[in-house]
Every structure is written in C-alpha cells, then in structure tokens.
Amino acid sequence: MQTALAEFVVRRDWQQFHTPKNLAMALAGEAGELLELFQWLTPEQAAQIMHTPEQAERVRHELADVLSYLLRLADVLEVDLAAALGKRFS
Amino acid sequence: MQTALAEFVVRRDWQQFHTPKNLAMALAGEAGELLELFQWLTPEQAAQIMHTPEQAERVRHELADVLSYLLRLADVLEVDLAAALGKRFS
Amino acid sequence: MQTALAEFVVRRDWQQFHTPKNLAMALAGEAGELLELFQWLTPEQAAQIMHTPEQAERVRHELADVLSYLLRLADVLEVDLAAALGKRFS
Amino acid sequence: MQTALAEFVVRRDWQQFHTPKNLAMALAGEAGELLELFQWLTPEQAAQIMHTPEQAERVRHELADVLSYLLRLADVLEVDLAAALGKRFS
C-alpha cells in the first residue's frame, strides 16, 4: 500500500508538499474529521454508525484518509510501521 | 496486526473502553502527540528528525500508537482498511 | 461572551449535546480544521495568510469556532478561563 | 490577556517559534491533550471530572494551554477574536 500511495503522490507531483511536518498536520487534520463524525452521537448511536450507509461511507472515507497520511509519513521518515507496532505491543 | 492487537486488548479486558467514540478520541489524541514532536521544528529540522536516535524512537512510538488505534477502530467498526484505502485512491 | 454563547445554545436546544466529552471532541475537531488551512503552506505562505481575503475569512471563522467550543467547555465544567490562564503563566 | 501573553513570549525569546503554522500545530496538540483526559471516561464520569481535584487541575491546565495558543495565534495573525466570534454567532 505504501508503494502504491507513493506512486500516486509522484504522479501528482505532491512530494514537495509531503514533508514530515506537513504530513503530521494532515494526519491530525484527518483525525479531527473522523472525530467530527462521532462528536454529537451518544455512545449507543456511535456503535450503530455503520448501519447508516451514508455515515458508513464517510467513516470508511475518513479512516482511509488517516491511513493514507500515516503511510505517507512513515514512508518519508523511513519507518517500518509493522516493526514499530510490534515493538510497542510486545 | 489487527487480530494480534484485538487479542492484546482482550487479555487486558479493555474492550469495554474501546467503543468507536472513545477510539476516535484516542486516535486524535495520538495524532496530537505526533504533532507535538514536530511543532517547534523548522521544515529542515523536521526532515532530519530520524537522525537523532531519541527523537526517532519517539516518532516510531507515536506512529505505532496512531496505527494501533486506527486498527482498533477499523476492527470494532468492521471496516476493511485496505479496501477503503484502495477505493479512496483509485 | 460565555453568557451570550450559552444563551445561543439554549435557544437551539443544544445543551443535550454539549457534554464535556462531546465539547472536547468538537474543540479538537475545530483545531483540526484550523490545521488544514496551514498544512500545505510553506512557513512564508502561512505568515501571509491574512493577506488573501478569502483565506483570512476562513481563518477568522475557524478561530471563532475553536474559541466558541473552548468557552462552552469552560462553561459546562465551570472553569474560570482567565484565572486558569493567569495561574498557568505566573 | 493577549498582551500579557505576548510579553511572556518576548521575555523567553519564543517569537521565533511562534509562527502561524507552528501555533496552529501547538493549539491542535493541546486540544489533543484535552481529549486524552476524557477519552476513556463514560459520559457520566466525564460530567463529574471536576469533582476529582487532581483531574480538575489537569482540565484547568489543558484549557489554559489551549487558550494560550489560541490567543497567541490570534495575536500573530492580528485577528480580533471577540469580533470574529460575534460575527460567527450573530
């Protein structure tokens, strides 16, 4: 996924914007958009969010956006995410 | 990774806390901690962050934390992250 | 400002949503929107953001949104923000 | 408050770091720390957070930090926060 994403970025000439600092901001911005999907829901409503197709689509969309910036950031910093996660939870 | 993480959570009896709303908050909180590593750095300093072992370790740690909550959130919402990412960037 | 905002909320019957947890999420969500205005700008471009009327309007809009949720959160938690700030920086 | 804070910053020679981009990041980072105080609490526990002195102190501390960066950002961008808020909610 990281390689496909890097190629996507190169095709659009976005590398110039994809500095570590900018990507950390973009990741936090997308995490904020994800928050907004849940902020006015009760815990019960939040647990049912995927049962509403339109809301489910927005959730998948935001999760993908968070993942994309996380992968980009790991890529430009040359961090092996799987190894980092394994070390953190071992 | 998602399965290993889910087992880690079950062993600690954390499922009760891992509601979609709480996990979205935790993800944004970790994205905020990642931001803090970069906020006072110039773009040039940020680009060199992995050359300082202590800072590099903190970056890997925070990236892993973001990933862990992203995987947990996808897990409890039953979202296929790879499919969501593929759809978003196709 | 806090009182005017509280009345605004009451008129719309939003108190039910304005729990501390939800307001903390809304505050972070708005801080994320503010981030998005700056994330792809160079430091030089960011320093000039108020010279573009449309961007300046968006900045004022997001700063006001952050302030509004900060005031609401302080209100429902009965925190004296000025006192808290004074104590923090004395 | 904005003036007192600006003087505090000058005394520490922090102006060089207080660019709009960096301050937007710091604001989002503090909003993330605030989130972390609430993320594992039930809505009921969150509503009682100020009844625990240690937690109450952390909440006041984080609210003050968010406010301080919001005021700094408004200061460097020359935004009149009260006017921006008034316009937003009129």
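In order of appearance the chains are A, B, C and D, and numbering begins at 1 in each one.
Here is the rule we go by: a residue touches a chain if its C-beta (ideal position, glycine included) is under 8 Å from a C-beta of that chain, and two chains touch if they have at least 3 such contacts.
Just so you know, these numbers come straight off a predicted model, no measurement behind them.
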item	value
Neighbouring chains common to chain B and chain D, by label	A, C
Approximate Å spacing (C-alpha centroids) for the pair chain B, chain C	25
Averaged-CA centre spacing for the pair chain D and chain C, given as whole angstrom	9
Of all residues in chain B, the ones touching two or more other chains	21, 24-25, 28, 31-32, 35, 38, 43
Pairwise touch network: line, ring, star, complete, or other	complete
Parts of chain A lying in touch with chain C, wherever the complex brings them together	17, 22, 25-26, 28-33, 35-36, 38-40
List of chain D residues in touch with chain A within their complex	21, 24-25, 28, 32, 35, 42-43
Chain C partner contacts - residues on chain D that touch it in the complex	1, 4-5, 8, 19-21, 24-25, 27-28, 31-32, 34-35, 37-38, 41, 43, 46-47, 49-50, 59-61, 63-68, 70, 73-74, 77-79, 81-82, 84-85, 87-89
